[in-house]
């Protein structure tokens, strides 16, 4: 339906890069939560593949890519293994990980949007599903670790907005028949850079208007 | 398969009303948990659409209605916006919200049951899925907010029973070929009224028989 | 595709046994968490059927078996009822429950793997999905109860490894065309015995290599 906007092998490599960096973030959380080696592997898999799995179930692309492409399954295991042995070093390079995670966010919001549109969803729904693809794995990671998803917390730097911008740019390109490797790459890079800026300058989203401290905290 | 028991526009309006009031309850919890504006929007969407999304995945109705009807997606955003700006007032009218939430419960348990039956499930399975449609969004809301689902807690007024009664009435109507706007409306209203009574008189379900305090609490 | 490796009624009975014992573990956790009777029933259903439901959604077997076979739905209710009235006795026989749970683990990892392969997944993906079938219900149980999944915790006896071994043996049987009642039964029994040994000797998986106590705990 859409012209393939990257050559398959380039697209696949980018997917694996996104999966790898998301898996690193899951494995690191597992180490911090004191999980064992299987907990580390499970959290790496869920973080890396959860968003795409949800997207594929919603659009009816079963079995989901996570279960048809061996590389999608093995890449998070590799990430888990690296973190298992090298986690002090990995933690030291947290800044680097954040950069890769931002790259994954940019890649996944565009790729998720495009795949959803290819399966017949409307432009708006495609963008929403692209957003869900990009942030879904992280939400599952935090739920399994029994923490409030960092996506929802006010004291975290902006994460949703860059993905929303990237997904919106992707559907605008589709809408105006301008989806090319260049434009979709530009959308992914924009999301990536926005996330980097949000981390650099600690951009945060507002909480509810005029929220008083007398409101009960739980 | 079944005669359309409401005119499409009436049914659609009722669906949107149910989605709206469920979204309000999600957005209010997000404000109480101190989430930012995106957290409020996400929790509103999940609460309003989660139950129906689960139902549609189970019956194979993909892409789910939540992703094909723009109104389903925009209504929770409107609810989130209202709560974002007006939450002190919204909290003051918690009683009113509870009434609407009860109405949503009634509508969703009947609509969920009917849709499941239309997709070929047995009567019992349809009722179970109708129940899941009605309560699923609230369970997801509580899981994302990192709380024990209020559906499961003994110190909450009855919530499952009204939905079970409504779904059971709906399948009985289907079984005896008596599903009309009147009878299905009556089933929804019965669930609605039962939930109101449960809140008014603090009806609660029993905990395990003869549970001793020496059993370890966690 | 595969020869039916048990007669249907034997296979079905084994499925129901696995469902029953998993449901017991869910209901017991609900009692410990002080849930009401509906919470007990919901947790029993989710624990018993969650893993298979996930597998069926992934392979596109909709509606899932949990919604087409009445026995699958009623068995957890029976388990919930037993626990509701007899929980002090059930707790006293926790050792017995653990044995049955281990049997369920063995049965489900083999049955899940076989069903996934029948639906066209690769050998590796089938084994992964068999593992997910066996452990998925327990993870959902713990998430709903707002606890860290015991699958992930280092201070729990090995649970994933027996299921991995059973699933791997099942795919090796498929690969070498040797899947018979005998070999698949042997795979299930191996997983079962490994889990019993893990509990008996408190086998545990390692945590991250060289993890220092100075790493922040949360």
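Every chain is named by a letter (A, B and C) in the order it is written, and numbering of its residues begins at 1.
Going forward, contacts are C-beta pairs under 8 Å (C-beta built on N, C-alpha and C of every residue); 3 or more make two chains touch, one makes a residue touch a chain.
Source: prediction; values computed, not measured.
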If CA atoms of chain B are superposed on chain C, the rotation in degrees (nearest 5) amounts to 120
Residue numbers at the chain A-chain C contact, same meaning over half shared and different meaning under half, come out as different
Whole-Å distance, C-alpha centre of chain A to that of chain C, is 29
Listed in rising order, chain B residues that touch 2 or more other chains are 57, 60, 143, 146-147
Chain A residues touching chain C in their complex are 30-40, 42-43, 53, 57, 60, 62-64, 67-68, 70, 73, 83-85, 87-88, 91, 143-147
Given the complex, residues on chain C that touch chain A span 57-60, 119-122, 124-125, 128-129, 139, 143, 146-149, 151-154, 160-161, 204-212, 215-218
